[in-house]
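Everything on this sheet refers to the single structure shown next.
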């Protein structure tokens, strides 16, 4: 009996504490089916899926989807590659490597909202040290976040600066807890290093990679702080991602219904993506541990 | 490991230098700015040379900020304290709730288990904005608005899924036989959990706690919407230097330095456990 | 307080003594200068108390939601006087400006009774009012039982009183029939030119008198000043980009945001005047604006002027005012001029930003909150703030007439009073009041960004904007 | 008293039935080896007894009382795992002390017991080491010490010698019986090495297809296996199985085996006509250059030494291969390749039914009638 009940006893408190969130979540879903702008209280009405069907013909909505997905794809891919690279560089335990890995967490520790303020200063064409430095190597007229052609690059760069350490530290912890035997065996057999990396390291690291990527994905598709602080979604609509758009809809336009509908779409996208990841993760786990 | 040739070591060194430059130069620059007056910071072109001043730190720590418009009270240290309180309480609660749950998902295959796990993860991807308005309405009714309790609860949305999913992986990597052996030795389930499972998953718990702490620390929209000024974290506090009469960059920089310090200490402390992960060797069965 | 000192201050408030005399005499009595200021205000506060029951709400407590702003600082510096005058306890939450309006929206939308009164801009009340979040102040102002006879509401500049009153009917005239007084003006900003005298003198330039001159002067600075660019204006993707210089000049050329069309509102951004002016504006930014204009907010515009990175700004007068002090590199080098973009227009048409005080509809201490608002917007507090703190621009005629204030400004802020006087008569809000204000102006700013970055030609951009605005007006039923 | 009793134990994982209706009992102090090829559920059985798993059906009784539903920590068993399952974050001494700590006692008492057993197992010099600093042999002894230290009534050893090298395995095979006697625990010992099983077991329980095919002393199992499979599991080289049939003739029977004939006497008359395998242990075959009565003509193909014996590959007349083994010196004369004669000890001949694999026992009464 105890054995049967134990897993529930262990996991339910967490669920119970969190389940409270489902109530406001449900309320928000309900809002999304309403014409509900706080500034038009008398116009509030149930409109079913109209908020959603309105999106279909709204080019701004499709732009938001495109920008969000592109942003997510770029940041997650680049951060994963860079984070993995750095984790491999720092793989060997030792005082120096450990210290470096902690120091590399510093960007993650500076709150993105404040860090973005500093990046805005550092990329300012007059006072910005980064503008100055790239001016020295010939990019005199680089306009960072304010030019449509470089805005995405700039925010992706800041995102990478902030969040690559997140992936790095998870993969480093993973790398260092891998069993040693397969590597020792491979070394004895003189297996080429690229083979070791692609056939041993990478597959064994895969569960960690998926966990790190999953969380990065969840955060990246919901990116707000950096983009809002750097460009507020501009120039034009170049960086208008979901959270920025729905933030504006809610806090500035007080359009609760539309904001909720927009966020519901984001929620569905996130749900589908993370479901894919978790399924894959579970499959890998199963393969790694067998059933016992 | 393979023997490293000289060329390879040079390449590694070079790559590491690039990495350090990219990630730490901005931090270094912010650190320098924290010792400069606004006038020094806003020089054209920017320069490495300046007369260092402690003014920014003094203003933050003493809570008095001298500006064009006279002396102002600032609550930065209070904000800092709020951040410490909110982040550590939230991570503490998330650990108490999340670690046992993570263990359950790792060790047992039970009905609805994966569903519960995924539901808990899904709290992470409910966009905070989506729940904030209804939440603030319910909070007023429940008397939770403007309480640390309410905030710590909402912070679970950030901390709990992270701890749950990272720690789960580490538990799964521990051979169940190690725990079985301990129980057969005569120890209860609870002792086994405490003496075997937790210590062996410590690298994961340390990493997850550190990351959860950082994410709680960096959040500000929850406290902003749900609490009054005396409970605002340092992220909101640092924005106070964005004043109508200009952005006090020196103080923002000093605020960043001060606000990073507790987290950095925590990371340095947690490092011991992060390193322990490898000294134990493979614990896989 | 010693009686001798009390007498001294009483005779000052009774007008028997000049302020200088008062200070000198108090110094002789051994009162420190700082204390003298405090005593001065308590003296005038005592005078205010003459024939009105200020103590009616003694023991009650009101809570304020404030923006981190010099106006709030000035109020806090003087708050003890209010407390001793009324016996009302005042607590306040101050939030940084960056997140201030989010906090207001969050607090009000949750119908929280936590805050009794709060700072707001006039534009925001176009959302808060229809939402039912704020109280109509008329009932308080016109009630002699609640309002002191010395309050003198009519002393508040008429343009500001009108700009903060609205019937709630979209498109109806501000301050027109059936208007509700949504908030009490507290401090305000005109939009004119602040410029760097050093740069202007070096290049032999005079402040521009109209749009063409502004473009020329800005271009010359960018070309010849050896670093600094010509003109700073805001460009971020926000309503705040539209309302300062841009809308002031736009209006001067006859441009309108919206127009009435058979009882419905329609976009007017695609008019010929609008297109002509917008083209000039866009070209000016492209030629002589800040390189990363699209990220420019109040802060960047101000910082650049204060640090000598720009030659002039066309923005809030108090932004230039702030930049002329503190540890700004160019402090002391700035000067001010009013600006009439259209040479054919009779007067400048400065759009205004009005920091105001509004009362939460969810407040449980309305009367006590009104006492606070009344005191905070009184001439007495206005005088204290204007003389001693940065409570500029004052909203009361009485304060503008105060010689001490005028002297202080004239001494350190050359041209400031002149620019005020030149543009004050026609200074008001030139936007059409309607609840989609924030939505439409944000989109307007995004449109400007696309034009400046040459993603779309001006004419086409404005047509697209108008089309989108019309669609949204229609779907909102306006 | 019966120390351990298993009654009709069944256990399935998903739809895969690993154990079905298995029963066994062991007396106090007895060592029963659970022997069988890998994947037959030996480890599962130990885990059922220790309480890691619950059986789907059946009863487990320790010292007479059922332990179904009782948590592992309250069953009072000791267990050593095949992969040692040492606690990586504890020193060897702490590992060994763990069962003692669970049972209470002063730290001095515990330390003393740990020292005692450590010196008995010759690991007293590595007590302060963590598992990763121990050699495999030391790990194995630590695991064993941990299982033994509290003097459990039931000791479960899950193939403890599997992961150590040959020398250690040999050493331990000699040492273990002494140890187990000393501790007087009832021991279930899992192995898939028949020599280990024979060396250590008072009895051997052969686990096949979810049940015990045979439970008997090592000698009985070797000499008298119940079926083909059991017979094949013991012996190296494995038993020779020569297909043939039983033919009744001259009042007796003989087996026709690949063109040769072996006289079976009268005992198998009841099986006359059946297709069989004749099982002949290699050591029951003696080879000589000269023909003798009943000896089969064979051809000696190859000779290889194995331990202290030699193994010979032989061909019957029709080419069927089989092995014989003999002590090294005794085989001296039979090492010449080429034709030879193999005589088979009829008493050691094991007859199995070809269809079912079951033993066909001779009927001694019939034999007497000859």
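Every chain is named by a letter (A, B, C and D) in the order it is written, and numbering of its residues begins at 1.
By definition in this document, a residue touches a chain if its C-beta (ideal position, glycine included) is under 8 Å from a C-beta of that chain, and two chains touch if they have at least 3 such contacts.
Just so you know, these numbers come straight off a predicted model, no measurement behind them.
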**Request:** Quick one: how many steps at least from subunit B to subunit D, stepping chain to touching chain?
**Result:** 1
**Message:** Among the chains here, which has the CA centroid at the largest distance from subunit D's centroid?
**Reply:** C
**Request:** Averaged over CA atoms, how far is the centre of subunit A from the centre of subunit D? Could you give it in whole Å?
**Result:** 58
**Request:** Can you check how far apart subunit C and subunit D are, centre to centre, with Cα atoms defining each centre and the answer in Å?
**Result:** 95
**Asked** So how far apart, in whole Å, are subunit A and subunit C when each is placed at the average of its C-alpha atoms?
**Response** 39
**Per-residue multi-chain contacts in subunit C, two or more chains** = 102, 106, 109, 303, 307, 309
**Prompt:** Counting only residues that touch at least 2 other chains, which ones in subunit A make the list?
**Reply:** 2, 126-127, 250, 256, 291
**Fill in**
Going by residue number, subunit B touches two or more other chains at 42-44, 133, 137, 189, 220, 239, 242, 247, 279, 281, 283
**Item:** Sites on subunit A touched by subunit B in the complex
**Value:** 2, 4, 6-8, 10-15, 17-18, 20-21, 23-25, 27-28, 31, 85-86, 89, 92-93, 98, 100-115, 117-119, 121-122, 126-129, 132, 135, 161, 164-166, 169-170, 173, 176-181, 183, 187, 193, 207-208, 211, 214-215, 218, 222, 225, 242-243, 246-247, 250, 256, 259-260, 263-264, 266-267, 270-271, 274-275, 278, 282, 285, 289, 291-292
**Request:** Can you check the complex and tell me which residues of subunit B touch subunit D?
**Result:** 175, 177-178, 180-189, 191, 196, 199-200, 279-281, 283, 285
**subunit A contact footprint on subunit B (complex, rising order)** = 1-2, 12, 15-16, 19-20, 22-24, 26-27, 29-30, 33, 41-46, 93, 97-98, 100-101, 103-105, 107-110, 113-114, 116-127, 129-131, 133-135, 137-138, 153, 156-157, 160, 162, 164-166, 169-170, 172-173, 176, 189, 203-204, 207, 210-211, 214, 217-218, 220, 234-235, 238-239, 242, 247, 249, 252-253, 255-256, 259-260, 263-264, 267-268, 271, 274-275, 277-279, 281-284
**Message:** For the complex, give me every residue of subunit B touching subunit C.
**Reply:** 37-39, 42-44, 67-70, 72-73, 132-133, 136-137, 139-140, 145-146, 220, 224-226, 228-230, 232, 236, 239-247
**Request:** Spell out the residues on subunit C that touch subunit B in their complex, using ranges where they run on.
**Result:** 68-70, 73-74, 76-77, 92-99, 102-103, 106, 109-112, 114, 227, 298-299, 302-303, 306-309, 322-323, 325-329, 389-390
